[in-house]
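In what follows, a structure is listed as structure tokens, so that the remarks can point back to it.
Chains here go by letter, A, B and C, matching the order in which they are written, and residues are numbered from 1 within each.
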Amino acid sequence: MKRLSAFNVVSLTLGFAFLYIPMLILVIYSFNESRLVTVWAGFSTKWYGELFRNEAMIDAAWVTLQVAFFSSTIATVLGTMAAYVLVRQGRFMGRTLFSGMIYAPLVMPEVITGLSLLLLFIAIGLDRGIVTIVLAHTTFAMCYVSVVVSSRLVSFDQSLEEAALDLGATPFEAFRLVTLPIIAPAVISGWLLAFTLSLDDLVIASFTAGPSATTLPIKIFSSVRLGVSPEINALSTIIIGIVTVGVISASLISKRAITKRIREEQAAV
Amino acid sequence: MAERPSPNQTVFAPWTDPDAVPLIRIEGVTKRFGDFTAIDNIDLNIYRREFFALLGPSGCGKTTLMRMLAGFETPTEGRISIDEQDMAGVAPNRRAVNMMFQSYALFPHLSVWENIAFGLRRDGADKDKIAARVEEMLKLVQLERFARRKPHQISGGQRQRVALARSLAKAPKLLLLDEPLGALDKKLRQDTQFELMDIQEKTGTTFVIVTHDQEEAMTVASRVAVMDNGRIMQVATPAEIYEQPNSVYVADFIGDVNLIEGRVSSIDEGRATLDWAEGQHPITGQASGSLSKGGRATFAVRPEKLYISREEPTERTNRVWGKILDIGYLGNLSTYHVETTGGQVIKCEMINVSRIDRRDYTWDDEVWLSWSDTAGLVLPE
Amino acid sequence: MMRRLLIAVPYGWLLLLFLVPFLIVLKISLSDIALSIPPYTPTLDLSEGWAGIRDFFSALDFENFTFLTTDDLYWKAYLSSLQIALISTLLTLLVGFPIAYGMARAPVEWRPALMMLVILPFWTSFLIRVYAWIGILSNEGFLNQFLMWIGLVDEPLTILNTNIAVYVGIVYTYLPFMILPVYATLEKMDESLLEAAEDLGCTRNQAFWFVTVPLSRPGVIAGCFLVFIPALGEFVIPSLLGGSQTLMIGKVLWEEFFSNRDWPVASAVAIILLLILIVPIVLFQRNQQKQAEANS
């Protein structure tokens, strides 16, 4: 029995208003007739039309999606491996350095990560483009994936794997048939996190992108620097819409899975 | 060892004295949570220096009643007064009542010493007084050596004692204990029961304990209130509750009991006789409550009051014939489950005076169970 | 064999794309700027054998670091970054704590929804969330329109392109990082502790200060570090919301690299920033470890 005081209600209301009103304004003014983003001049969807006719923007979006897809997929594989190594493989040479390298990128300022990767690509003579952005994003995203997956692995009963081995599975089969299905939700959320981080990244992409490849955040940043523009509002609205639908449906799916499980458990008793 | 009471010392029983002023008066108290009635029109007086137990299964309302005394819940109807002062609208922090929580609720960020001092500091007493009182409390619960430890650095039994010391530090008029020994293992629980009684005696504080463990209530309390479904079924001393339960519920809840249903054939001078099965002798016991001739009633008799024999004990009116179904050997005593011809199973406990190699009875033996006219109670439905 | 491969692949990846780049930054920070490609000297020339390596190392020096101390732009930028990060961390705590507290006291069935509302902005683009404030804080922005409409001010306040806008931006974008750890500690707090405090003579307010606040400390500390550490190296917020006088080291590094093309100095700036960050990172790690031990 918790007591929600007036103070609690006020702080929750103000807090969520603070979080959501800016985004709400953004969405509302994307339907504004006027180019001036702060003066309402009637409803219109013309900025969405402009946005879709802006080829540079569409190209950038396409590059961004490609980068996000490839980097998050590679990062998920590498990050899951890294998590498995950290949680299940015990001691090996250089383990401390390994775990240090997993955690350091999480706290490393983006400007430094970006700078250092750029200097590497120049040193080895790799031309900057989609490939270099993918490499850069994979590197920091795999660390996030590894943290997400290892927290699931830690809470996972190791005797399940041992049982699989005991019943004649090879270590790889035990991983594929037992471990992976159980940690799958964490692997999926790791992938989603990596994908979002890649979509979102401006700083590292700015360092590692070349003239041949511009991502959406770079495009938005250079246009926003010149001031507000209704086209960007329209783009923001699309992004906010996709994310909201995605997050809400993901949480509904997981909630349904949980209630289904609870119901099944109750039925079994 | 405590001194043996002298013959002329009066027994502590303020509830029998019509002039005694109760410390706590609970008058017509009802508590509802939405549609659910947790407490249903309860009247109860608790006296100074009493060790009072609220006993009942979980959900019977005992914790709600206690929380109303502490001030965490307010009665929907009725009145609670402590020391002749109406408690309506008095916040928990303004009551001379302290509570020992079931989870102990020790502040994890404070040391044992600071936990005990917490309440004293709120009263703004000066430092030396607080220190002296804390030391006194630590000594009372024998935890002087652990004063600087944090709650997670001491054992469960020690935590229980810190919680006790903390709630006693302010010398409350009334101490409430919510399942105080629930988290301890059996051996430690028994030792602690006696320690609690000892501390209650030393400090002279009125204790109200909430428990679902009838043995615990019987051991520590001067009086026990047996509760069910928000109502008080019986308030009496442990001995009365055990020997003179006023209902089938109380008889069944406290200790082990044989319940035999039948029809009242005669009532005579406080004795009632029950017909209960074809081909069996009628059984007689003390009549209790409103019985009517020909009405249905339940005969309640404790297993240890029964006597087992091979030959028919013709000198006793209460005798039942049956076959041994099960024998439980518990060391100090043996339990026999005897099935009568009607299918009724009756339990009988015999003290093992001699060694096991002389055990007389075995499975499927045909035996007689018998008991005296005063051993059992006839209770209304 | 499997095991070796399993370890070698992620290990090799991180060595090549995290550790080696970092060593390159370290090396370049000790080099000199040069008008060449790449724009620094010396470069390692292995074809000259030992002599080349010796020449290479003898040409490295701490000149760039000395330069950072002489030009007051840099140490001012470090100090100002620390100041901005510190102030905005405290502001985030001030805004975030009541929200986390309200969430922890809300009915259990609301909490997953409230949680989702806090996390949702985190999934939308960071850049967009910062951008949203430009339209609000500018001279013709919504905030000024609102303030003038209710008659609080007569002429628009200049908020955009000042440090205040930077604080607002940091508080807004990092708020979830503060709310979540604080909420986690408040949520698992035993309600009976508050009742015990009241029972022992505290008012509701006192119980909050004597019990709730001290017990939320691990979450508050974690939240503060989670805001402070990234805020210190922040680039996007000061460059979009801050003004020309807003000095933050992330911005200085960016400009040093892209505008001045002084790679050695940019590298030295990065190294110093990392050295500064080590202190809060180590403290943060220790706090997390302590919390993990307390939970076990």
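Here is the rule we go by: a contact is a pair of C-beta atoms (placed from the backbone, for glycine too) under 8 Å apart; a residue touches a chain by one contact, two chains touch by 3 or more.
What you see is a predicted model; the values in this text were computed from it and never measured.
Of all chain pairs in this entry, the one linked by the most C-beta contacts is A-C. Farthest from chain A in terms of Cα centroid separation is B. Distance between chain centres (mean CA atoms), chain A to chain B: 60 Å.
Between the CA-based centres of chain A and chain C the separation comes to 18 Å, rounded to the whole angstrom. Residue ranges on chain A touching chain C, taken from their complex, read 1-5, 7-9, 11-12, 15-16, 18-20, 22-23, 25-26, 29, 36-39, 78-79, 81-82, 84-85, 89, 92, 94, 97-98, 101-102, 104-105, 107-112, 115-117, 119-120, 122-123, 135-136, 138-139, 142, 146, 171-172, 196, 199-200, 202-203, 207, 217, 220-221, 224-225, 227-228, 232, 236, 239-240, 243-244, 246-248, 251, 255. By the touch rule above, chain C contacts chain B in their complex via residues 190, 192-193, 195-203, 206, 210-211, 214-215, 217, 294. Chain B makes touch with chain C in their complex at residues 70-72, 91-93, 97-99, 101-103, 105-109, 118-119, 122-123, 152, 166-167, 170.
Chain C makes touch with chain A in their complex at residues 2-3, 6-7, 9-11, 13-15, 17-22, 24-25, 28, 38, 95-96, 98-99, 101-103, 105-108, 112, 114, 116-121, 123-129, 131-136, 138, 140-142, 145, 172, 175, 191, 229-230, 232-236, 239-240, 250, 253-254, 257, 263, 266-267, 270, 273-274, 277, 281, 284.
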